[in-house]
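Below are two complexes that have chain A in common, paired first with chain B and then with chain C.
On to the complex of A and B.
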């Protein structure tokens, strides 16, 4: 009843369905890129695939941004209250952190965003 | 006054007869309640697959198209969203079957073709639903479930079609 071709189709169909589950259920909506805004206009898109530390020169000094395991955070920032550093790791689409004194902001860009929209 | 007489060929009778079988199955199946909208066992595809292997692609395509058209007229879903999805599914599955039939011919059996047709049918239907009715990424979460069901039902109708082909002398 099963020809060799049928078996191949069945096996590839099983692999395909498995891949679909991985793709749509177990990818947790993590962002692939972070958008860094400096002084409200200077924007750059960085990939989160590579672990590294970025140094962003802002209004009052240098903010260190750390990328690790698909996430990004403010490691150090020359500001008095360190709100940006305490925002912690950002990993899901739409998550946002900003160092207001230094005019540096980071937002995760992804297809699946955590929020529909944000108002300030 | 001139009269035009259309003489139906043997092939026409064959298509009509097989399409009638497919439509009958289609209508019986419509009476079965389903937990997911748009998910049915698709047993009418048994006829399409068996015709493909016994009579070739052209007849299978006719049967598939007639089933969607007449089936929707009989059930009362003609030109409704259900009909659009059904037609999209039938067109994509018959196209994939055509391509695979050209490439593989009889190296694939009823089960292989049935699984391919079920996948294409579901994908076409899903794409139609996504583009026309619910263009929201959340819908994609349902895709793995729908495709799993397509695999199960495709395998099932493939086994039935294979058994049927063995019974039919050709």
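On to the complex of A and C.
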């Protein structure tokens, strides 16, 4: 009834639908990107796919951001309280940390964002 | 072939025509001594941009007017009170001080907006964190004249008291009051769906275009969130935690939520979360319930008219009121949740 080509088309369509199903229903909201805001104005989107260290110059100095295994954190920051560093790794959509004295903020952006905002 | 290309072009055009009402606009800016995050849904981007700009100006002005130690209207009031004089209060500050007094009285003093002197002794009136606690005797001396809002009279454009140690510090409450104002401003602009988050505390109106606004509550001890929560139209969610501002001295952790009864940081809880509509009440109540501790937290919550309260003890045990429990979707399984 079906030719080989038809079968191939059907199978690839089914695999594609299955993949879409998984993407939309079982995605854990892990982010692909982080949005970095400096002084509330300058914004940049960085991919979390590649492990690296970013140096962001803020109001009082340089905040060092580390990207590792799809996550990002403040590794060092020139602030007295170190609240940003203590916030630890961010990986899910909507997760957020900021160095207030240095005016540097980081938020995870995911297509399927788990949270619209974070309370702390 | 031409037909196929034509169809592809048409489908591309269709993709570009997404409904602007189904977009979420996000803004973040540094104001009010913290980071403000604004999330807006259901309006064109131009209106959302305008709202973000106006709110930034609002928050900057409130920060300047209500600051507890940088020169400004509140500092001028405190200078008068320290000299034992009646202090004139501007029309803008009057409702703020009246509400602060009301909340202090119903909290039974666990929320005390007049302990600016104690916060200063601890070194919290500055941009750098303290390095060591004050001497025991210094705190004991301060407690002999502990400010009580019942002794403060606010009327006829004046605030007066016989206790010269009354020094207003609205840190435990101004953020909530400011968020209420910001939400009112958004409504006046015709925005019906938004979240205003100031340094982790927030209030929502409406919902996202397709579902209720959903927020995560950060784990007080680890990275990530401990619970997820759908927030209803008009609700505020406030958390006070010992992890926000603190310093370590000789291996001991000292945080900024001071118990006016002892003069030291309140020691039973690591975080307290409140859901209620009035953001100013939620802000003061998160402090009051935190200070009340394991023995009195339910009593203080009742006095302040709160029924959605979650407290986390130092050992990780979580207590929730019956109305709070169905709202929280816990995402940490290791924490022991107990009924009220």
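Just so we're on the same page, the second predicted complex is superposed on the first by the 88 of 120 C-alpha atoms of A that agree within 3 Å, B and C clash if a C-alpha of one lies under 4 Å from a C-alpha of the other, contacts with A are read in each partner's own complex, and residues count from 1 in each chain.
Assume a residue touches a chain if its C-beta (ideal position, glycine included) is under 8 Å from a C-beta of that chain, and two chains touch if they have at least 3 such contacts.
Just so you know, these numbers come straight off a predicted model, no measurement behind them.
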- Message: A:103 in the overlay: touching chain B, chain C, both, or neither? Say first, second, both or neither.
- Response: second
- Message: With both complexes superposed on chain A, which partner does A:2 reach: first (chain B), second (chain C), both or neither?
- Response: first
- Message: Applying the document's definition of touch, where does A:49 land relative to chain B and chain C: first, second, both, or neither?
- Response: neither
- Item | Which of chain B and chain C A:17 touches, first, second, both or neither | first
- Message: If we overlay the two complexes on their shared chain A, which of chain B and chain C does A:115 touch? Say first, second, both or neither.
- Response: second
- Query: When the two structures are laid over each other on chain A, which of chain B and chain C touches more residues of chain A?
  - Reply: C
- Task: Please work out whether A:83 is in contact with chain B alone, chain C alone, both, or neither, and reply first, second, both or neither.
- Result: second
- chain A residues touching chain C - in the complex, by the definition given at the top: 37, 39-41, 73, 80-81, 83, 86-92, 94-96, 98, 100-101, 103, 105, 107, 114-120
- The answer for chain B against chain A in the complex is residues 104, 107-112, 115-116, 119, 137, 140-141, 143-144, 147-148, 151, 154-155, 158-159, 162-163
- Residue ranges of chain C touching chain A (in the complex, touch as defined): 24, 28-31, 33-35, 37, 39, 56, 127-129, 195, 197, 200-202, 208, 213-218, 222-225, 228-229, 237-239, 241, 243-245, 273
- Message: List the residues on chain A that touch chain B in their complex, please.
- Response: 1-6, 8-10, 13-14, 16-17, 20-21, 23-25, 111-112
